[in-house]
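Residue numbering begins at 1 within each chain, and the chains themselves are lettered A, B, C, D and E in the order written.
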Amino acid sequence: MTNVSYGTIFKNGIFGENPVFRLALSLCPAVAVTSGVKNGFLMGVAVLFVMTMVNATVSLIRNFIHPKVRIPSYMFIIATWVTVTDLVMAAYSRAVYKDMGLYIMLIVAFAIVLSRAEVFASKNTFWPSVADGFAMGLGFLLALVLIGVFRELLGKGSLWGHAILDSKPLLIMILPTGGFFAMGLLMGMLNWIDRKFFGGTGASSGGH
Amino acid sequence: MQTTGSVKAYTTFSGGIHPAENKELTSRKPTVTAATPARAIIPVSQHIGAPSKPLVTIGQEVKKGEKIGESAGFVSVPVHASISGKVSAIGAFPHPFGTNIQSIVIESDGKDEWVPGLVERPDYGKLSAEELKTIVQEAGIVGLGGATFPTHVKLSPPKEKPVDVVILNGAECEPYLTSDHRLMLERPIDIVEGMKILMKVLGVKKGYIGIESNKPDAIEVMKKAAAGSPEIVVWPMKVKYPQGAEKMLIKATVNRTVPAGGLPMDVGVVVQNVGTAAAIYGAVRHGRPLVERYVTVTGRGVREPKNFLARIGTPFSQLIEEAGGLTEGAAKVISGGPMMGVSQFTLDVPVIKGTSGILVLPKTEVSVRSYGPCIRCARCVDACPMKLQPSMIGLFIEKGHYEDAKDYNLMDCFECGSCTFVCPSNRPMVQWVKKAKKELAKKKN
Amino acid sequence: MWEKVFTIFIASALINNFVFARYLGLCIFFGVTKRMETAVGMSVTFTMVMVISAVLSWFIYMYVMVPYSLGFLKIVIFIGIVAAFVQAADTMMKKIAPTLYYKLGIYLALIVTNCIILAVPLINADEHYGLFESIALALGSGAGFSLALIIMASIRERLDLADVPKSFQGLPIAFVLTGLIALAFLGFSGMITL
Amino acid sequence: MKEMLRITISLVVIFIAAAGIMGMVYKTTSPVKFKAEKKEKEEALKGMAPEATEPITKAGDWSNHGKNYEYFRATASGKSIAYIATTAGKGYSSYIKMLISVDTDMRVKGIKILGHGETPGLGDQIEEAPFLDQFKGKTFTQLVLIKGETKENIQAISGATISCRAVTNGVRDGVQLLAEKYGSGVTTSVSEVQK
Amino acid sequence: MEASPKKEQPAQPNLIVSVGPHVRTEESVQAIMWSVSGALLPATLMAVYYFGMRALSIILVSIVTAIISEAVTQKILKKPVTASDGSAFLTGLLVALNVPSSVSLYIPAVGSFVAIVITKQLFGGLGYNIFNPALIGRAFVLISFPKQMTTYFEPVASIMSADAKTTATPLGILKEDGLARLLEVFHTKSALYGDLFWGNRAGSLGETSVAALLLGAAFLMIKRYITWHIPVTFIATVGALTWIFGGKAGLFTGEALIHLMSGGLIMGAFFMATDYVTGPSIRSAQIVFGVGAGALTALIRLKGGYPEGVMFAILLMNCFAPLLDRRMRSRVFGKAEAKEIRK
């Protein structure tokens, strides 16, 4: 896995291996925090930050980590960066933290973070690893924003808290129920587009 | 347990269905003897088990009752010429099972002579069980209820499965058919005597004759015929399809439950059709092999429905002619009853040992609706006498999940068709079950 | 106190069911409910690990982290506890009950990165629950998760036979289905106020 | 053995580095967080009684629904101008926590919802101004939830009656407490109001 | 056994060949669905009688949307269009009968659309849906438009009257203000029972008239389209539990009869819990289903935040139906005996 072009890395992270829609990994936040675009976006940013930092760290010290304790070491690194994110958010953006503090902490359990560390960063040099973490995080972020737009617009008639429509067309969309519907319908639609226009086979159904 | 005489609470099993009986078309018509066919087609395989081996060559003269095919093992029986004449062909001919099967064709010489040497045995009561069994096998007797299982096999239960009851099946639960009904009215003594022979062979002290309560006259007549034999009980049963299936019959008469996947003898029972009993009597007392049987030709697709005593090998076309011929709208010809019978491509197929009836349905009565999705109405679950879930079995098979169907006890289905009959979505469960059993068998090999 | 313990149990099993009301544990939820067998195996393993690791976490939180104000390390410590316990359980089960290990071992590995297993100690810490309350939350969450898994598996087995439009087969329809179950579970809402 | 050592070293180094990072971040953020929290609280209190000139001081603890809450006194130039309390009401799926203030006549001055877990879209409408503004100037006896049109009392939001009742009850409990502590001759007997 | 005709023997008069059985029941899915719709006719008429033209337009919009949604979805999915088989009609009708007369017309339309497209067709169409489409449709609009969905008009018993007074349903009053208030509103106990029986009360369109619903239910029972297992156990459980736990004065003081005759219990028990597709098909499982739905209804009505429990109870039991069917598979004839022998 040397010589991967940055273009490919980004295309992969955002489309081909989009963590949410294609790899179906780390689905919980996709439903949990996307009742509004803003929360989805911030969650995405948090994940993007963690993934970039984790990939960077792992690739930097990949030769130092003993292969036998590879996974525990990665988890430790992830937990560290998540804690950092958690502490920073708790201090500087209190309002958002109230809503999604628990989910920020749970980033530590996201398989997508661990799997990129294991699959990519442990085998690549610094910059490609950073790019990969960033691209995957970006794919994640975009997916959350997409779901957030869908739900907030339908559920509250607003975007990023600003009223767009003068009514709340389908309140249900901001409830958990609606989150699941939104995910299912969006995935189905993306599958359909993929099959129709790109000859794909649809999403896999993953681990975490 | 009810007494045999009580009118209302007849015994039965749970599940089952009530299709229109349509027996009134023929039930009051005394049996007529069908004309001797000009040409008899006698398949070598009319029974379950190994086909018999032809003993004759083309051109050979044969007499009525002459053995023309010999049994090819224990689970096999011989076949006999049903008319006198000359063998004109040996080859594959259409068979009521829907395929072409090796058959011996005899052109009649018009004389209809019995083969010499038939032994009358007025004192047959003295024969031993083994001798009787040999006579039954040599006479080519198989179950006339439709399954055509060689009777002598059923008469040789293994020692570890002692049999203590013989049950004669006079249920005739299939709609339309009346051949067993007429047989019971017309030859009750033969049946009772046949029963006694069966009991003797099996060393059994108790016999039941189970008859559905829609045949009160037959119950009367059979009771009278068995009056002198206290060990034989005539047992009226509730009218319900498939009361005649042996497991259901055993449940209704002696209230025993044949284990799933098991045989009647697992609960000490041997079941025979009433016609089989009569045939046994004919073979033992008069030395006559099985060359003719009662056949009901019925349905609104023939002009004059009738009961016939017909020779084995008589083409369907001849019997239908004798029943006034097909009506304008005749659309489907079925060998057997409407529930379990097999529809025919051609009228050239012959009557065989298991042909209890020929049913001709007019176009107006043939359902051509296509099937739809299962709406899970559970009518089939209620109807299934085996207490299976035909809806699930059907769904699994429809999607090719044969193993799952097996998990849902596919193998216990005996294809009675009750589920398919009641399905409002017209789902062809029996067809699927047959397919799945075949697929599973293929996989095993 | 017992009333509160009971309330916590019922609330976490039904009303605030982790899957249908708090949207956690989804990866495993979708991953193991394709077949009933795996759903049951996961239910059993999950509930056991859940309760034990919650108890361990509680003790460490109360007697180590609170006294030394190490609360800010809870993420690292709790995931460490879960991982260590799962590793230990894995090793012990392999030795002591190999048949059980053969049946349930594969689920152990999956559990480490499950968010519920981490969420429960975190909630216990945030809410300052006592030992029995923590156990109630763990047990309730386990029961609720098991219920969700088993319902979902039984429905997905049936869905296997259905003519679902191509683009929706697999995960999309599973999501819609979960949404419908969550809609039904809204019936429990408002029954208990925590 | 040597491998064990290498493993240990590798883990320990990572651990120490990580602990260092986390400790550092904690050290820089925790005062910020602490200050932010304090400021938040002060601002919230201040928002309840903007005229106060001195810092608002805690006056005591009280309990409602088995949980502890506080109350405060706001002064301007040493004179009491308002009383503030934290309180809560039992809502649809959560306790709705709030901050209320009354003037010296024991009329409601303001309400701030601090937190709740009501259904988004239904119960969370209690946070909206039209509902909360109704409370301004109401006396204890007027704090009754009515399902129909009303100016005199508090009008429920249809579809969120339970949440609205929780807020109304919580406010009333708080007003009652403050009236008992500081009121003079204002009716506070619960029995007069149908609960 | 689909052997083709053997060519050497020209088939005689075009005989039809198929696998048996060769006779089939007269019953069909269409007949069942239209009969159930017919059984709802009395309740529909009562709805129009009490709630006027509004009711009629809601019913029409709902049914038309359901049928169109079904046809269009099937067209898009390239499946045979079976919109006239009566099941979409029935679903549409039930959605309409489950909303109050106060709602704007887009609400039944959204309800029917969600019922048919998301709940039914997305899951494979008739026979494959897991949840009762009409009830999901209703739950969806209840959560999405809670305000309108919990605003009930008083019955007016006049076809033309357009502006009716809003009021609370009997269950709403019972929950919010207690039995005394309920009796005050209806004057006397006998007047209360009379009004509940005939349907002169606020509520969703079709649920108010117990008399009309029982008439339809009797028809379905006589035709054997439904059996007693689910409705009777459902209603009995609600009755028993509300009697035991429903009273303010202690155990066994609840007004069970009010609970039985108000809300959607009668309609739910006879017309919705009985939906074949979404309930269990094993009889013993149906009894569990009925008892479970009854217990959940009582639980939600007495303990939950929402006065009406039938809809959620049935939807919750829908979740369990596949599990119940799976766990309670019928005992195959002779299976127990076969096991015995093996031992």
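Basically, contacts are C-beta pairs under 8 Å (C-beta built on N, C-alpha and C of every residue); 3 or more make two chains touch, one makes a residue touch a chain.
Remember, it's a predicted structure, so these values are computed and weren't measured experimentally.
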{"item": "Intersection of contact partners for chain C and chain E", "value": "A, B, D"}
{"item": "Identity of the chain that, by mean CA position, is farthest from chain A", "value": "B"}
{"item": "A-E or C-D, whichever has more C-beta pairs in contact", "value": "C-D"}
{"item": "Central chain (distance from its CA mean to the mean of all protein CA atoms)", "value": "E"}
{"item": "Chain A and chain D: spacing of chain centres that average the CA atoms, whole Å", "value": "34"}
{"item": "Computed distance of Cα centres, chain E from chain B, in Å", "value": "47"}
{"item": "Distance between chain centroids, defined by C-alpha means - chain A, chain C (Å)", "value": "21"}
{"item": "Multi-chain contact residues (two or more partners), chain E", "value": "118, 124-125, 128, 140, 143, 146, 305"}
{"item": "Chain C: positions in contact with at least two other chains", "value": "72-73, 76, 161, 163, 165, 168, 173, 176-177, 180, 183, 186, 189-190"}
{"item": "Residues of chain B whose C-beta touches two or more other chains", "value": "373"}
{"item": "Chains grouped in pairs wherever the two touch, ordered by label", "value": "A-C, A-D, A-E, B-C, B-E, C-D, C-E, D-E"}
{"item": "Parts of chain E lying in touch with chain B, wherever the complex brings them together", "value": "1-3, 5-6, 9-25, 27-29, 31-32, 82, 85, 124-128, 276-277, 279, 281-283, 329-338, 340-341"}
{"item": "Residues of chain E defined as touching chain A within the complex", "value": "110, 118, 140, 143-146"}
{"item": "Chain D partner contacts - residues on chain E that touch it in the complex", "value": "143, 146-147, 150-151, 168, 176, 305"}
{"item": "Complex interface listing, chain B residues touching chain E", "value": "13, 19-20, 94, 98-100, 175, 247, 257-262, 266-267, 317, 326, 330-334, 338-348, 359, 361, 365-369, 372-379, 381-382, 385-389, 391, 408-409, 412, 417, 420-426, 428, 430-431, 434"}
{"item": "Chain E-facing residues of chain C, complex", "value": "36, 150-151, 154-155, 157-159, 161-165, 168, 173, 176-177, 180-181, 183-191"}
